[in-house]
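Okay, so chain A shows up in both of these, paired with chain B first and chain C after.
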Partner chain A sequence: MKQVTLSKENILGLIAIGLFVLMSISVPGFLSSNNLTNMMFQLPEFGLFALAMMVVIVTGGIDLSITYTAALAGVAIAILSSNGYPMIIAILGGIAVGLLCGFMNGFIIAKIGVSPILVTLGTMVLFEGLILSITKGNSISGFSPEYTLIGNGYYLGLIPLSIIIFLFVAILTSVLLNKTVWGRSVYMVGSNPVASLFSGVNNSKVLMKVYLYSALLAAIASIIMTSRYNTVKVDLGSSYLLQSVAAAVLGGTEIQGGYGKVIGTLYAVMIFQMISSGLNLMGVPRPIVTVIMGVILIAVLIINFIKVKADENKQKKLAETA
Partner chain B sequence: MKKIAGLFVALLLVFGLLAGCVSQQGAGGNSNSSKDGKDEAGGGDGKIKIAVVPKLIGIPYFNASEKGAIQAGKDLGVEVIYTGPTEADAAQQVKVIEDLISQDVDVIAVAPNDAAALSPVLQKAKDKGIIVMDWDTPADQSLVELSVHQIDDEAYGRHIAKSLVEQMGTEEGEIAILTGGLAAANLNSWIDAAKKELEENYPGIKLVTDKIATDEKQQVAYQKTLDLIKSYPNLKGIMAFSTPAPLGAAQAIQEKGLQDKIAVVGTALPKDSAPFLEDGSLDVAILWEPDKLGYLTVALAKDLVDGKKPENGQNIDGVGEVEVWEDGKTVIMGPPTDFTKDNAKDYDF
Partner chain C sequence: MSEYLLQMLNISKTFPGVKALDDVKLEVKKGEVHALIGENGAGKSTLIKILAGVYQPDPGAQFFFEGKEAKIRRPIDATMRGISIIYQDLSLFPNLSVAENIYIGRDSDKHSWKKVDWALMEKTAKKALKELDFEIDVSTPVEKLSIAQQQMVEIARALAFDAKLIVMDEPTSSLSAGEVEKLYEVIFSLKKRGISIIFVSHKLKELFTVSDRFTVLRDGKYVGTYHANELTEEKLITLMVGRKILYEKNKEKAASGKTLLEVRNLAKEGNFKDISFELREGEVLGITGLVGSGRTELAQAIFGINRPYKGDIIINGQKTVIKSSEEAVKKGIAYIPESRKTQGLILRQSIINNISLPVLKKLKNKFLLINRRKEIELAEHYIQSLDVRPPLPYRAAGDLSGGNQQKVVIGKWLSTNPKILIIDEPTNGIDIGAKSEIHKLLRGLAANGMGIIVISSELPEVLAVSDRIIVMRHGRIAGELGIHEATQESIMNLALLGQKGKIREEAQL
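Let's turn to the complex of A and B:
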């Protein structure tokens, strides 16, 4: 019989379910259709950033330029669509710009070998500067009504389209990480780059694709955000930068790299979302909401740490007895 | 090769999904709006709920307006929810408003970080039967019932320019302008008005450079002012817009001991600027009283729920007479207040 193990992800899943039940009982209006659709609208953009961040963190890196990559892609879409290009061209253009940003990160990190935190810090400032010089700090709007449906529309009149896109990307990411050669190499590079290099993995190629993929997700997040907010500005989604790191880490991703699962990140994003919406519904002041999120993050990290230690001890004992 | 193929297929699927769904949206959108109509019937319990959303929470200016808004709630017997994003980020603000819609509030009064970004969510609020208004900074005018302005932008900008010339003691010389951010609509309209005043009435005043952005940070304003002093030794005056900018400028003036040489006039809160006003490094801080603005917003919101529109010259308890423009939408709280070293200590914001 297969034993149900309490992995990090399963614990998180239980916490997420528990939280949902708790919120449903104690917060009036939490189960209302309005609030549920609200949460489904709010989750995708954050979730996409968290996934993008997770993939990078699994390689032991970090992508600080992620929100500005998204903003730059958004600017490209806005410029293309306000100049009368069809929506599909504008979206492709935005994704191309996003990928270009990712390529830049990937090139400097993978081919030249500068540490990711420095590179992406640099590109973050660079992209910000680029956007500022293009937009002069103003916001650009002028998207077509069809475009705004991506972020605001319902699929079959019931489920927000954006959450379907998000779930699709989440499943895709999971499949890519677990079933493809590239995905397995990502974990190998993350846990031990030297070993992976000597096992015949082309580290720099793997890393390059990681940054391209993260930029692609950022660009998709950007499409959802720009269509939801009908505007793009230099600080589009800037508050998601550290939140996405927090969500990835809360989701069990090892900050030194080598481990991280899509499902964990998904649970973490859901937990953040439920806490934020639930506490807001209760009328808890925003700063307190932020404090509570911080406390939960730290608590879960400590629990994870203790659990890892305990497992290590158990294995040691097993080894001794054997 | 397989990997690349996989990635390619993945990309293709993403596009496929995007393209496939858009066509289905027409039907989806319609059925949703009918759902909205149903929701509207529900909700609504005894006490009037007024939500006031600032650009961000936790800065002195919006703390002061919170005080006023809460006070108004107590005085008028309405429930006031004062909540906003913790960063001046449009995306966060949209979420705050979405959550407020779920709470079945009667009025949402918002000071937008980015007016265009809020349009879809304000439309959503309106569709649910919530009265939408803006305060402090205008939102999309086609969506709001009322637009509460602290000040007449044009008059305010001109007043600041005039005050600067007064403080310089001469109608000739070089000046510079500091601003919070290049995109801030209200700051830009004040600056334009100030420039107009200078052009029309004080041709001897020369602007040495374009307006300088200080990122709403005192530290940046301080640094930029030091640069200005170095680059333009004949500088006689600085106009600083956004609340941290005058403080940073005054800090630089104070440090260099240039109180008598360079006049600084700006939009700052009296409590913050008191130490700089004391030794003349900041000559005048010109602003309105943000607590009154919060109070006025709530008072007018309650009137709207009761079906009353504001009238020109109407006297609001605790605020004074307000000016209402001909569109019946734009409300001006009143003339600005000059904070000088004599009166700055009387205010606690």
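Let's turn to the complex of A and C:
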């Protein structure tokens, strides 16, 4: 007999659907094509940061430099394009700068062994400083018209290009995490780094790739953001930094590592997006929206904690009777 | 009033699946130094923890202190009655001062909001230190002190609590010779003042120097209590080891094939020194010695996770430098660590994911993805051949019993097809039935040509599986015994005294 279990992710999925239905009925204009495309344009950048953060958190780490990595990559693209380099070179240059940031985090965390929260706090300040000294605090623009298509264009005149890029990255991340040796190792290192080391896993190689991957996703988010806004500044996407941690955790990722799924993070990002857009349409002032988000997040975390405790007790009772 | 300060009678302690103490007794007279002795796992620590209030004994235990029945439910009860425990890994607060460490723990329940009386704290600390004749600035943070000085602070703390009984668990394990002398002096002066001391140690010589009486435990049972003058070192060892044989001694003849592994003059600062031995195809080499004699560190050096070391490791005749566990696996070395739960398995992951972990790279299909079907087949193969129960591959490893967990770890390493298998405490915390199953399995693997190193503290186990036995002591090889000449006594002689007696002379001829 096959049992349909209500995993964390399935519950979140139901909540996301319920929320969509609720918003559609109660919020006028929620289902309008205008609002729907708006949401589809806003979701990818946040979603990319959340996925990047999720992968790092699964290893038991965190990447606080993620939005500044994106901003630095954006600055590189802006400088290259305004100096007349072709779009593809500019993009590759931006990605290279992002990967360099990721390599720096990975090297200090994985090879030297300093704790991720400290390292990425340090590199966050470092990258911010670099951007400020390059831009002098101003915003840079001068992207080519075809570049701005990435963040603003449609596929078949209907679906935003950016959301297609995002879905592609989400599927790629899911495949990498679930089907490759690296992905499996990410979960193993996150669950118990000592045991994975004792099993012949090269922990530091695994971690290095994790920070490179998160930087890569940050660079992609940067491309989408800069092309959408047609400008780059030091605080590009900086409001997503802690939101992405929140989304990953709301999506079921365990902050101490070892567990986390792409689909859960995806649902969490969608829930955040719907609440934010819905409340906006209802005319709720922005600060109050933030308050409501905070309350929801805390509530979900408490419920999660209680559920985990209850499961543990159940396990203990089972073990005793066995 | 009775002549005993402490009487613990009918003490038993059952942990799930294990009876750690079985009807043990411990009686300590006022003002005596009482040695508590036994092999690893004999139950010394459990008994001390019951005395300290960390564990509760099974019902039926009787506990008298100063002639009156005493109930010790929590550590604070023991402290308040004047029982102080000084654990091997000292339990001071490194960043607090000497005075704070001596004073800490009093009134903490009732007056936690009250202002700290710094003057009184300093006075108390100075007084206690003076009684020990130990001069030190009481404002020094404890982390700046040597181990010996920290120990003095612990003893001073005990005195500040008006201790009547002080338990010292392996107090000399990290002291220099001079510091040990100083500790003896302190012990004698405490004794003169009528304070009783329970002394736990593996060093027989020093036990005879300081102790008045000995209580011997073996396999969680009480063997007896003896006056120092009734005993000799040899007699004590016989009492600790007993005559009981759990498993049959290995009688098979080792197929001595070619040398798989050779270790030459291996050394690592603070771990081990001058280690040379060979491991041949088809043989089981037992490595034993007390916990802390460097066995595990040696194994981890060979497996590439305890670096850097000096000396050479030669595999299949080729000098090899193993820089990581990943390389060790590639070279055909498997290492099954001591702690299944923290080092051997990833408990939350399924049996499948645990078994496939070291060989994932070999399970890739042409798209570089893990071939899940092959992976499941691999797990099912080992679940069947090792008889893991329940045979459910998707179960989390943490849900299995100890013996079945160990089978999963073994399966995981067999999947790498190792030439050399190092297994550290193979049957730690496993019930008897599963133990002999694992012993048989190891013999079978050796018969098929694998070279196996078994590290174990359980002498009957070492005797049951090994063809040769290396005994380590203080990080060095104290001696090597062939299975025909090895007995529990001859091994303990080497492990404790570093002497081989007659056997060594024969070997030198």
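What we mean here is this: the second predicted complex is superposed on the first by the 322 of 322 C-alpha atoms of A that agree within 3 Å, B and C clash if a C-alpha of one lies under 4 Å from a C-alpha of the other, contacts with A are read in each partner's own complex, and residues count from 1 in each chain.
By our rule, a residue touches a chain if its C-beta (ideal position, glycine included) is under 8 Å from a C-beta of that chain, and two chains touch if they have at least 3 such contacts.
Remember, it's a predicted structure, so these values are computed and weren't measured experimentally.
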| item | value |
| --- | --- |
| Side-by-side fit of chain B and chain C on chain A, or clash | fit |
| Cα-centre angle that chain B and chain C span when viewed from chain A, reported as a multiple of 10 degrees | 130 |
| Which of chain B and chain C A:258 touches, first, second, both or neither | second |
| First, second, both or neither for A:156, with chain B first and chain C second | first |
| Which of chain B and chain C A:303 touches, first, second, both or neither | neither |
| Partner chain(s) touched by A:220 [first = chain B, second = chain C, both, neither] | first |
| Which of chain B and chain C A:165 touches, first, second, both or neither | first |
| Chain B versus chain C as contact partner of A:181, first or second or both or neither | both |
| Which partner reaches more residues of chain A (counting touched residues only), chain B or chain C | B |
| Chain B versus chain C as contact partner of A:34, first or second or both or neither | first |
| Partner chain in contact with A:292 - chain B first, chain C second, else both or neither | neither |
| Touching partner for A:199 - first (chain B), second (chain C), both, neither | second |
| Shortest CA-CA distance between chain B and chain C [superposed frame, angstrom] | 5 |
| Those residues of chain A which chain B touches in one complex and chain C touches in the other | 180-181 |
| Chain A partner contacts - residues on chain C that touch it in the complex | 303, 305, 324-326, 328-329, 335, 337, 342-349, 353, 357-358, 360-361, 364, 368-370, 399, 412, 416 |
| Residues of chain A touching chain B in the complex | 29, 32-35, 38, 41-42, 45, 87-88, 91-92, 132, 135-139, 141, 146, 148-150, 152-158, 161, 164-165, 168-169, 172, 176, 180-182, 209, 213, 216, 220, 223, 225, 228-231, 233-240, 276-277, 280-281, 283, 285-287, 290 |
| Chain A contact footprint on chain B (complex, rising order) | 2-3, 6-7, 10-11, 13-15, 17-19, 21-22, 24-25, 27-32, 35, 39, 57-58, 81, 83-92, 94-96, 98-104, 114, 116-120, 128, 181-183, 213 |
| Residue ranges of chain A in contact with chain C within the complex | 175, 179-181, 184-185, 187-188, 191-192, 194-202, 258-259, 315, 319 |
